């Protein structure tokens, strides 16, 4: 495996070593190691059923691997509940939009601020003083995200009625609201048209460059991956078959066979 | 006449004392309306200005302003003007090449941009703009990677100003003094006209032009510091400059900037402006969407809507004009106001509108009356960049859809022999920037300006614009033939899509009519009229009958005006095919190519000036797949009896 | 139509996030409050106060409680009746131990006990969802009913097995027990309900309420946003049970005057659930609309035959009422499964967009 | 949508109407609300009782033109044996000039007892409700003629004692596990000590009324010599059936007077032969008053009874007896106050001074129907006697004479209980009796 | 304290050993009650499997069907004709429910469907009382040919009594389950029903509409309700109090899983026998009446350890 030049001067944010995950005998991920560097955009690609989503689920604590270690910011991570992962700075979006359907765009993104809000029941009940200040401060932050994602016009609309592309954008906004160190994006551009894809790519790049957020994303559109990603890891049937810069991965015979060759 | 101050920044300073706590500007930003009162605005501008000076801005420099309606961009005007430099607003939607021309022509040393998009545009052409030294921007998003020497945030400029003020307390006083010493006759802005042909021309306006015009306009409509208006039209357009900047400064009213162009409607509803301007297409679009929406409403509601709109049609305008209306109608209207007009105005965000203007092109009389009948005081004005907007405007209570009103205060008007409208006023521009030739063409040495429009003043003293002066022709009897005027009148009927009028050098006027397929097909369906093709529908006797009624209607209109009475339509035909850009009959922007039509349908035109009742014609057409074919048709020609012209009118002409 | 929003703009987040951002809504609430606090006590007959307004308000409060749990936090509960019972018995014990403490303090404190019990029975909610959870709340219902009966200490070993409410004063006015005047009781209840509804609205629009709704809408995503499911669900159980407990205490102390186990039986749980569903899950307004409908309809139905002079057996009327309510519930579920609140919301939306059919 | 709106409109119109036009009673009538339960799990008992109650008043109106010429208006309100609905009914009817309430439910009675002195309307809980209410000093507004649960229980125990002795025996007590069933337990415990017998208790939850196999398994385990039942509604037939199943001797199984009606034993039929029950109102139609009811009301189709057979059965007659006492109280009150149209306070006076002697009972056409009842300021139960009846497989037969209660033992207990009830209610209204 | 532990852990078992005949009697009683719980639960399962509706009205359907039967008999119909007529009524009811309720509530949230069946409960309750009166009625078991005698078994120096009707109940329940299993595995409609539980589309391919299937399962569970009503009514009369007992079937469902017929039966027996043992041997320690909640608390504890029920499948959550 070639080592990309970045590795030397960027700190490792997350590394997985020999991670294996199985469901009742079926191996979803077998013995995979790779790392994510601070500030990079890391893509995870592979054909359907390659274990990409399981990988994200392992990273944010939704699944617990049977074997292997996960090191997050230099510390080995024990079994971790998803909410703890969230608190430690990992956010994500979902393949099938998992928004809070009963809430508005604004509330959905506000929901992403949950961890940043601390005021207790007493102040919440009165909704004055600290609780309100906190609410307003977070609202301001959320408004900046709304501005960033250019969704001001749907601010007060219930998300259930929004077109798919906008829902994905709201979901990204919700994850952004957590101000994560690592943002996991599960097929952020699935089902989008070209224009929406371009917008989304722009947001991802801006997010990465403006806020320095590290991003790990799963994406099918190879063109998008090649444009966005700093480094790419390729999975197939739960195993890692390539890891490196987009160019390197693209030229790997194994990848061409397993992934591009299959065609889909 | 109020004694005017010497400059726009001086008005700002006055407002900061006189209306210190009144809101000067609102901007919906990050979900809420941020407000600045006049003293805050003055402070912002002062810091901006002092900082700008520190960047090297000096007397006579030109500064481009690129972007949409943002408070900071509005503040850039007085900030620049108080340095005796000249702001040059540029249309934000122009492509880089267009911008390049303006910036190059103006020789801008600085540019104030809204965001990354505009900055990028300028940076892409910076090698061709040797004069451009630095770019100042408003929104910091995505700007961190740029060269901080060349690309500076407005906030940074203001900080610079702050630092200077910190170091040197007197600088504030000096700045105020400098503002006080600005000369009223100095140029204060260059507005580039978006010329339809040729290069844009930079209209130089002096402080006096703008201030005097603003004072007059405010007085004309009794606008004072309590007004609210929403700024959503391009900054570089003279209208916005006057409505949202100079008039606001002079009167002290507040200007509200919407969150984005997508949210103008919603933002307008939130603000409910009292003073509102929109071009006719905006009103047209709103009306269409009202009608479309109402089609989806329940039966009862729809019935109610149409019923009350009828009521409004009958008495709404008269009530608005404070004419006498019988109490029953008044009550009926009141009811309508409760059920329909009030809520409708509320939805449109026009509940509080005291004065609304439309201008720029002719507005359909039905559309115009619709809004007025709802109780919205919509008026027309006629203006130009060269006049600092106002040439004529309709005074309250003297409204007619066909006129553009009486001359604005201090405006003198005269009609040339060829029908061209000329004017002279305090708002008349200083000249075109670096284009004396054009200045001389437009402005006479004694201060009269050619509008390029033909028109006439009717009995009531109201100006009517009929066409571009160069397009107006003459009938053989010497009568005036304004083709656009006639065409527009017909085009306001919803079932007429396009009209081509003939008459220059002929005995009488005749027209080609293109029916509007959607509208007519709809009508046909409702009336069980069967047709197989456009051609068949166009030739249907009942369609002809309808068109004849329209023509008669227009003739009646024309007959009532001495100057155009002779231009009544005598013969017409309904074209068997739609005029089509693919066939070269229309431009790509869907304007009729007269010349081409004249040649292509020469047979038909000749037939119109003969006794024939029908004429065979065969035309080559291009189908959608690119193939060509021919359409053969025998087109019926109809003759319309002319309306009698009243004797006194004849004599008058 | 009545909503003329033009010109209502917000210059601060506080104003934008206000409970009633629209001026017309504020006027509306003011009128409602004026009616409730001034007109009704002034003009209402004793029958109207005692048989309609007092139960209506108490049921509304209980419905608010259940709605917090079911409508906002998505945890279906059939144990409302029992949680109300916990409040009632707790209040009774408190006021017999501390007869000199203001009764309102007891009423408010009694909810705390109910909240604690709610938390205990909410524990399974971490692992159990939906209908399964509903059945575990049924366990709470039956177990608590049994406790109310078996633990004689709860009703001070009264031979009757019933709570008998003593007369208690509040600032010199008797507000509980038989001697309390309807108006006094009405005011006490109205005040408690109004304040608690306001508090509920505040909590629901804040961090905690949002956490509940997140769990309701998409529990996995909520957890990945840092919401701890157990804490969120238990807090919902606690908060909801608190409301039910206070409602139960009010019910016994300010309305019935005495209560046995059967006052808190499963039918009560269903009654409140009906109110929430008919009123609209996830809407505070709905709680009041639902309570009004479910409570007032039978009262009206009972009154109708005698008003029309029909000689129908009271039992027949009762049975027909039952059938009608059953049918209406089905009918409403079919026509508008989201309840009155949605109807109101749609109507309001219509009024806001009037004359247009929808917003543009 | 359209329908919903219209429905809502109708409902609101009706509702406003109901508020605006409360049922106004004519001035010259006596208003007698009747809280009934013709629905719910206890409807089987509630229905005949309500019929007897209504029919007697109807008969008085029909035959005598009312009481001393003033007609009685009976208005029913359905409670479904539910305390909450009972209170609603009370609130809805009390404003119409109600003279007395007989809710036929211990739960509702409990709720009404504190309200009675406030609204000045007496509560007449005939042989049910709060036993301690027998103490007139402490409960001026509540009456439990002809006897209270406690006294009744003592009569039953006396019967057991006289049939083979009670000392050293084991008495099973199976009861409906609500206020009603729990009420006599203190006396049972006390008397067990005094009379030297052992008690085994078998509670039956309201929800378990029809699923008593566990209780009866426990009965089988405990092997009591006698069983006493404080049951109501659907509990009764189920209990008798279960007893038959475990072969418990029926003639050792005694129900209280709410567990010994035709509706209880008809479903059991033959299997219940020998089952005993307490009663204080005559069985059958062979009384003059009942004959009048049949003649003036039932035969004219004015009665709500499902069939004529119901007339004369245990609960019908008890409902009728309830009406008899109230009617008597009205006439006493009329006599004492000299008013024809009386109010609640007068009614209280009438109830307190009631004196149904054998002679008076005969006048009323109720000779041998029940024992004499005499009330006083301090005695609100009359300490009346009961008799025991036995099921013969298809009908009830009275098998004993009147059995007087052990008033000497019970009265002090009642007083103690009354004191306790009042003790934590500082402003409770009492009366002094000389 | 020690005494308490003793009475909780030792004494009951000693008692069981002491009187084994009584223990057998208790288990038998529990078994019969359990069969009836199982039958009610079976009705729930049938409907839940096919339409995903949690039918709260199952309990009232038991009462209602029994009342109809008795009512028709009282109205003069011979017992067997009344039985057939009652089946007809249940059929009409099933079709009515499908046509006017279920069809309109397709794809609604669980809670909404649940509420609709609670609404249905009110309607049936009101209608039942309106037409047949609220009083307790005895089942026409003699007329239907059930013997009311008992079979005595003398064993362990004691006596165990088996009521004929209880034996009949057990036999009929077994026959019923066998019949249902045959119906599901051998008939076309039955297979369609099974298919619909797995996949709605698959069912359509069998050529039976979803609506028909719903009507059929409601009808089937109506018949199950009728059988339950007859058996229970014969044991302890028919009245509306029965409805609350039927709620226990919910606990049974938790134990057995919502979709498993076998689970319903095993769960029913578990609850029936368990609660009898608990009530008889442990109940007195708590003052009796523990039966009222035993089933639910058992279910609750059970849920904590095996949320999917005895026969349900493990749920793997996916993101």
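Letters A, B, C, D and E name the chains as they come in the text, with residue numbers starting at 1 for each one.
One rule holds in what follows: a contact is a pair of C-beta atoms (placed from the backbone, for glycine too) under 8 Å apart; a residue touches a chain by one contact, two chains touch by 3 or more.
Note that the coordinates shown come from a computational prediction; the quantities given were computed from them, not determined experimentally.
The fewest steps needed to get from chain A to chain D, moving only between touching chains, is 2. Chains making contact with chain B as well as with chain D: C.
Here the chain at the heart of the structure, going by C-alpha means, is C. In terms of C-beta pairs in contact, the better-connected of the chain pairs A-B and B-C is B-C. Centre-to-centre, using mean CA coordinates, chain A is 41 Å away from chain C. For the pair chain D and chain E, the distance between C-alpha centroids works out to 36 Å.
Between chain A and chain E, the centres computed from C-alpha atoms are 49 Å apart. Computed centre separation for the pair chain C/chain E is 33 angstrom, with centres defined by C-alpha atoms. Among the residues of chain A, those touching two or more other chains are numbered 62, 94, 98, 139-140.
Listed for chain C are residues 12-13, 142, 146, 149, 220, 315, 318-319, each touching two or more other chains.
Counting partner chains per residue, chain E has residues 129, 134, 244, 287, 289, 292, 319 touching two or more of them.
Residues 12-14, 17, 199, 202-203, 205-211, 213-214, 216-218, 220-229, 235, 282 of chain C touch chain A in their complex. Within the complex, the chain D residues that touch chain E are 38-41, 43-44, 47, 177, 201-215, 217-218, 220-221, 233-234, 237-238, 241-242, 245-247, 263, 266-269, 271, 306.
Considering their complex, residues 19, 22, 25-26, 29, 32-33, 129, 133-138, 148, 150, 161, 163, 232, 235-237, 239-242, 244-245, 275-276, 279-280, 283-284, 287-289, 291-292 of chain E touch chain D. Of all residues in chain A, those touching chain C in their complex are 60, 62, 81-83, 85-87, 91-92, 94, 98-103, 107, 110-112, 114-115, 117, 119, 121, 124-127, 131-132, 134-136, 139-140, 174, 178. On chain C, the positions that touch chain D within their shared complex are 45-48, 50-51, 55, 96, 99, 142, 146, 149, 156, 159-162, 164-167, 177-179, 255-263, 265, 296-297, 299-300, 302-304, 306-307, 313-315, 317-319, 332, 335-336, 343.
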